[in-house]
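Every chain is named by a letter (A, B, C, D and E) in the order it is written, and numbering of its residues begins at 1.
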Amino acid sequence: MTRTATASARRTTELNLEDGARRGKWKGEVFRALLILCLVIAFVTLLAVIVQAAVKGWSRLDWNLITQMPSTLDRETSGMKSAIFGTIYLMGGLVLTVVPIGVSAAIFMEEFADQSKWWVRFIDLNIQNLAAVPSIVFGILGLALIVRGPLSLGTVAYAGSLTLAMLVLPTIILASREAIRSVPVTLRNGSLGLGATKWQTIWHHVLPSAVPGMVTGTILALSRAIGETAPLLLVGATVFVTYTPDGFFDGAYTALPVQIYQWASRPQEEFRILASAGVIVLLAVLLAMNSVAIWIRNKFTRDL
Amino acid sequence: METRALNVFYGGFHAVHDVDLVFGRNEITALIGPSGCGKSTVLRCLNRMNDLVPSARVEGTVLYHDIDVYGPKVDPIEVRRHIGMVFQKANPFPKSIYDNVAYGPRVIGMKVESMDDHVEQCLRSAALWDEVKDKLKESGYSLSGGQQQRLCIARAIATQPDVILMDEPCSALDPIATGAVEDLMITLREDYTIIIVTHNMQQAARVSDRTAFFTARPDETTGNRTGLLVEFDKTSNIFGTPSDKRTEDYISGRFG
Amino acid sequence: ACGSDDDGDNGTEDQPAAAEDDGQAAGGESEEGGSEGGELSGDIAVDGSSTVTPLTEAAAELFMNENPDVRIAVGTSGTGGGFDKFCNGETDVSMASREVKQEEIDLCAANGVEFEELGVANDGLAIVVNPANDWTTCITVEEINAAWKDGSTATTWADINSDYPDEALELYGPGTDSGTFDYFTEAINGEEGNITQNYNDIGEDDNAAVIGVSGSTGAMAFIPLSYVTAAGDQVKAIEVENEAGECVAPSEETVQAGDYNPLGRQLFIYPSAEALKKPEVLAFVEFHVENSGPAAEAAGFIGLTEEQAQEALDKVASLTGGR
Amino acid sequence: MSTATHTQSPPDGGRQEPVSLTASSPRYGEKAVVGWLFLCAAFSVLVTAGIVVSLLTPTIEFFNRVAPGNFFSAEAWAPFNSSNPGYGVLRLVVGTLNVTLWALLIAIPAGLGAAIYLSEYASRRARKVLKPILEVLEGVPTVAYGVFALTFVTPLLREFWPTFLPGKLGEPPGVFSAASAGIVMGVMIIPTVASISQDAMSAVPSGLRQAAYGLGSTRMQVATKVVVPAALSGIVAGFILGISRAIGETMIVLLAAGAAANLSLWPNDSVLTMTTFIARTSTGDIGHGTTTYYTIFAVGALLFAMTFIMNMISIALVRRFRETYE
Amino acid sequence: METRALNVFYGGFHAVHDVDLVFGRNEITALIGPSGCGKSTVLRCLNRMNDLVPSARVEGTVLYHDIDVYGPKVDPIEVRRHIGMVFQKANPFPKSIYDNVAYGPRVIGMKVESMDDHVEQCLRSAALWDEVKDKLKESGYSLSGGQQQRLCIARAIATQPDVILMDEPCSALDPIATGAVEDLMITLREDYTIIIVTHNMQQAARVSDRTAFFTARPDETTGNRTGLLVEFDKTSNIFGTPSDKRTEDYISGRFG
């Protein structure tokens, strides 16, 4: 046996375990500082976006902003009531459409699909791919096939909802699949071992356990949808509406980000202030949605 | 029930080779052997839980009351209603103790006169009634490990199977809880056919009537280890006078 | 601001269908202004030019103050996008900052959409420079053309006129996709879309030109006159030598009188014949023309002259067969 | 045949009453449910088909009018010029790449750094606070970012541009610049890069970390020499997804990058991106049925094709990564 | 090295209670006992790997050459450079075989005359050289389980520690690979102090000089099981003439 490490004896004499004995310790500290800086860049920007909009829009952060319709004549009291309602309709239609489809698709892919089949892998690939298609392409799709073409819904709120639904569908499917996958296999086996059918197992055990994950994923997807502007511009969210939508399938509508964009590209200072105030409203809605998502996530991860 | 020339493959991997076993009615049969020799695989074939592993493929015959469990018209769900299962890690549902037991009868649409009575009976059979009778509405998770495992047994017998499969039911339990579950098995033997997988030779010796010893033989070319049945006999014979050298080596702790 | 502070009672029982066959001409109503407001109802879809949008918004708001049961939605798809929808029968009225093009006429014809062109306001394109620019007061079309024409090599002011200083020239203008752009290129460079590669395209956002010009001493931009007013003293509009050789500053009077040429223009709306059968659309279109003054003021444009307004109303009358 | 020796056969008593193992009911309901679930999954394919259809017909019409050579290799971009039109999409592609480049210059190091911090340094409690903030960042409406770029970042850049830099790089940018849009877009995609990279790093088996620590590695060595290399393909997938988000982003460039189709990779130039062109032109003044109108779809199809290829690469990388640590 | 009154807590849970052990130089010490009794926990305290578990808290003293490893000025990274570790599941880096071995020396900035020679020597010491000398550039993952584990041992000795900790190094290996690793341990004993955790009493009996037997005692009120040292002695004594009833029960397989 070659005596490689005659370790003990030699090393004892120079044994030094003290902090600082190690050379190059500062490198680690610098590295950690750099990493923190990376996060700080992101957070400072978020803060700057909020502060800048808040400072600029401060004078118009009043009740009129929420309770009044937009106005070209009375800019000082102009509000975004129609946009707020438009967004509520958009989101309502979106949730009612995309959640059932998305969750069902996720259940199919996780529980029933046989990954060895080429068409299952094709669907899988397709979903992943759809997740990164630029939103404006969905605008083109929505205009050609939903507003016009086969569905011919016209420029109504539900056409916007459906366009956004296709946009966030992959995100919801992926999040729901993640949630379903995280349900322990022991729970499934327990139920199946008793002679429950697959669907009974899913309905009684998998879905209830996966709901928190699905809800969080859905809320995060919706908070992305709520700020989407480009596809809505294409599928006909109108910019000046002084009434709230009649329904999902009737009448013109506008939406918060569209209204903001429109105001931001007007020359008059009052409109620009309105745009900034609108950004704050939108961010507030966004933060509220994210908080709910986080709350749900924390509540349920603690319980499990 | 019995298996004939049972072979199991996971994809291209030959996991279990030619297993012939006959399980006695109202007896406890123990499957022992080193890790990876296919004990769990064989067990899961008996009630077609292996159907749930997409890559798994089963050849040979598994007879239950002379019906081939893998026969063309057989419904795996029906099979599992006759052959219950208890798992290594206690896996109560995140529901109340009561609902855990009542779940099985409900999903299979079993007719019972009074569900309350039925639940009580099952919990009594699982020697758990006295410990939980005042907290039936509490979550199954609130029980200790050993109690959870007995709850799972209560749940398994609630659908009135006649065979119960148990895959290392005590390996996560402390000695006292293990003792309780072992006592329970011996009582249940009167009414059920029980097949258990265990790592613990002492346990096999303590509770089982018959023991099957498996081992795994590496393939010379691929190095894959295929499980096979070495010896199947009365427990007293296996532990007292094993007829195979490999059994003897294993029993005496020379390897594993 | 929702138009709910209307004086009249809301006579919602008067449905548009009823009003349509009614002997009482809808046009007659609107001529009397708001006195009979509240009898009309229905939805009107307007879409089109971003330039005209503020004007129509203002007109719509004024109209709805008097007719609270009429609901007008104004979209901004640009002149071309507006015609696209309009000729598809999706909108009642299209706004345009230029005249309709042949392709659009063809498309409308193919879909059986008949329409009429109505001027609703005047607008001037102002040439604006930085307030610190003290060397130009009056600029000629040739000089503008030298700076902006396709293939222009001008990089300093001296390149367009040797009297000007050697200050770097920085050009800002609306996007190639806007009606303003088409109008400017046609008027100055003689052909639509003919323009130097070397300018800062600010897209639909005319305000960006204001930001650009106010930030650079040698900058020049063309923007709608309305934006000059809105921009205050951030930029300075300079006089343009017209066809008659006079130096004319852009203003309400000079644009209306036609003295500010060739950069003065009209803004249009295009109602469809089909939509004009609805009394509320007819009423709104007439209202838009008649109230050109107040609407233009609110939106920063210049109202129609008497003759322009009358001409427009005559066109409406011809289209509706004098109803 | 097994090597088992059966010395004594057990009593195999059969149950007397007949046993049936056939299904007790046909379970139609269950089959219907599965059918519905399948339809929902297949719906996503329908969406893709819809995209292809809605882009393809007008794109074909475009290529009927404009030779592919004039689209892919022509120098001039002037689709609005009626007398001398040019459809050289290269300018838009380069403009898009320009902005993307500056965005990635910010997003890749910052996203990776944030991911390393979250995965290797942050305590559980810190992660629980930091991750949601990143998620908020991901959800900030892009129109808000666009307004922010135009009214905050651009003036800042114009004011504090490093004019000491030589040549073209030293010129302060105008009101529209690739730099302003790129920087803000970079910040926008930090969360995308960070969260995918972090997922990849958390999937690295903890055994590898333990081994490295056990050898006396510092935290930094564990992170950079073991975890990052082990998670590399997953991290690269995150980068690529970031790239395709940058290429497809609309509002920020629409508001801040300008619309001059400069063939330039300089940060201080204004550029026209593919998305800007689509958003602007389709809400602009062009007439329906003109060649320019069809250009929108040709550019849209190209955009879709580019992001599609990116996604495929990213998906393949993630898959390879997953296989390693199955 | 030795431990004095070592207590370990995970959050509020008292995992290990008052452990006093003295590990002999150039000896193999085995830690045995039922699952969850704190064997791994004690082992991880010796080179401060427990620092990586945020909730872990250590009380008492761990002496290494008379320096308290938990002393205020001690750098845990330095400690780990002296006390190497091999884990239950072989965990080679996803790098080449060569780089796996060279990693340690590189990160600690060890000066070696020729890295190639050093790698060769370490692989020889780990009885792996002949099997891998022609594929040093291939991934460590391309090896079989037993080879991977020996690669991990080669990697551990490459930084020239003088103590090597091994946590169930053979539990995932088949009997033949186990034999190879056990032989290796016995050879390495000449140069290193080795401390191993094992579930396998036969293994402890085969390779170790001294054995420490742990068990876990449930707390009466909370039911939490705290690990404690029952008996520590020469291996032959522990297996031959255990002085504690619990040890005897365990050794003879009466529980566990």
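Keep this in mind: a residue touches a chain if its C-beta (ideal position, glycine included) is under 8 Å from a C-beta of that chain, and two chains touch if they have at least 3 such contacts.
If you're wondering where the values come from, they're calculated on a predicted model, not measured in any experiment.
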Chain-contact steps, minimal, separating subunit E from subunit A: 1
Pair joined by the larger number of C-beta contacts - C-D, A-C: C-D
Inter-chain centre distance, subunit A versus subunit C - centres from mean C-alpha coordinates, in Å: 39
Inter-centroid spacing, subunit D versus subunit B (mean Cα positions, whole Å): 48
Intercentroid distance (Cα basis), subunit C paired with subunit B, Å: 82
CA centroid of subunit A to CA centroid of subunit B, Å: 45
Junction residues of subunit C, two or more chains touched: 76-77, 204-205
Subunit B: positions in contact with at least two other chains: 77-78, 82
For subunit A, residues contacting two or more additional chains: 22, 197, 264, 272
Subunit A residues touching subunit C - in the complex, by the definition given at the top: 68-74, 77-79, 81, 148, 154-155, 236, 238-243, 251-252, 262, 264-269, 272
Residues on subunit D engaged by subunit E in the complex (per definition of touch): 123-124, 205, 207-218, 221, 225-226, 229-230, 324
Complex contacts: residues of subunit D adjacent to subunit C: 78-85, 150, 158, 174-176, 254-255, 258-261, 270, 272, 276, 280-290, 293
Subunit D-touching residues of subunit A, taken from the complex the two chains share: 22, 25, 27-28, 31-32, 34-39, 41-43, 45-46, 48-49, 52-53, 56, 100-102, 104-105, 107-109, 112-113, 122-123, 125-141, 143-145, 149, 166, 169-170, 173, 197-199, 220, 223-224, 226-230, 233-234, 256-257, 260-261, 264, 272, 275-276, 279, 282-283, 286-287, 289-290, 293-294, 298
Contact footprint of subunit D on subunit B as seen in their complex: 1-2, 17-20, 22-27, 29, 64-67, 69, 71, 73-75, 77-79, 82, 162, 209-210, 212, 228-234, 237, 243-244
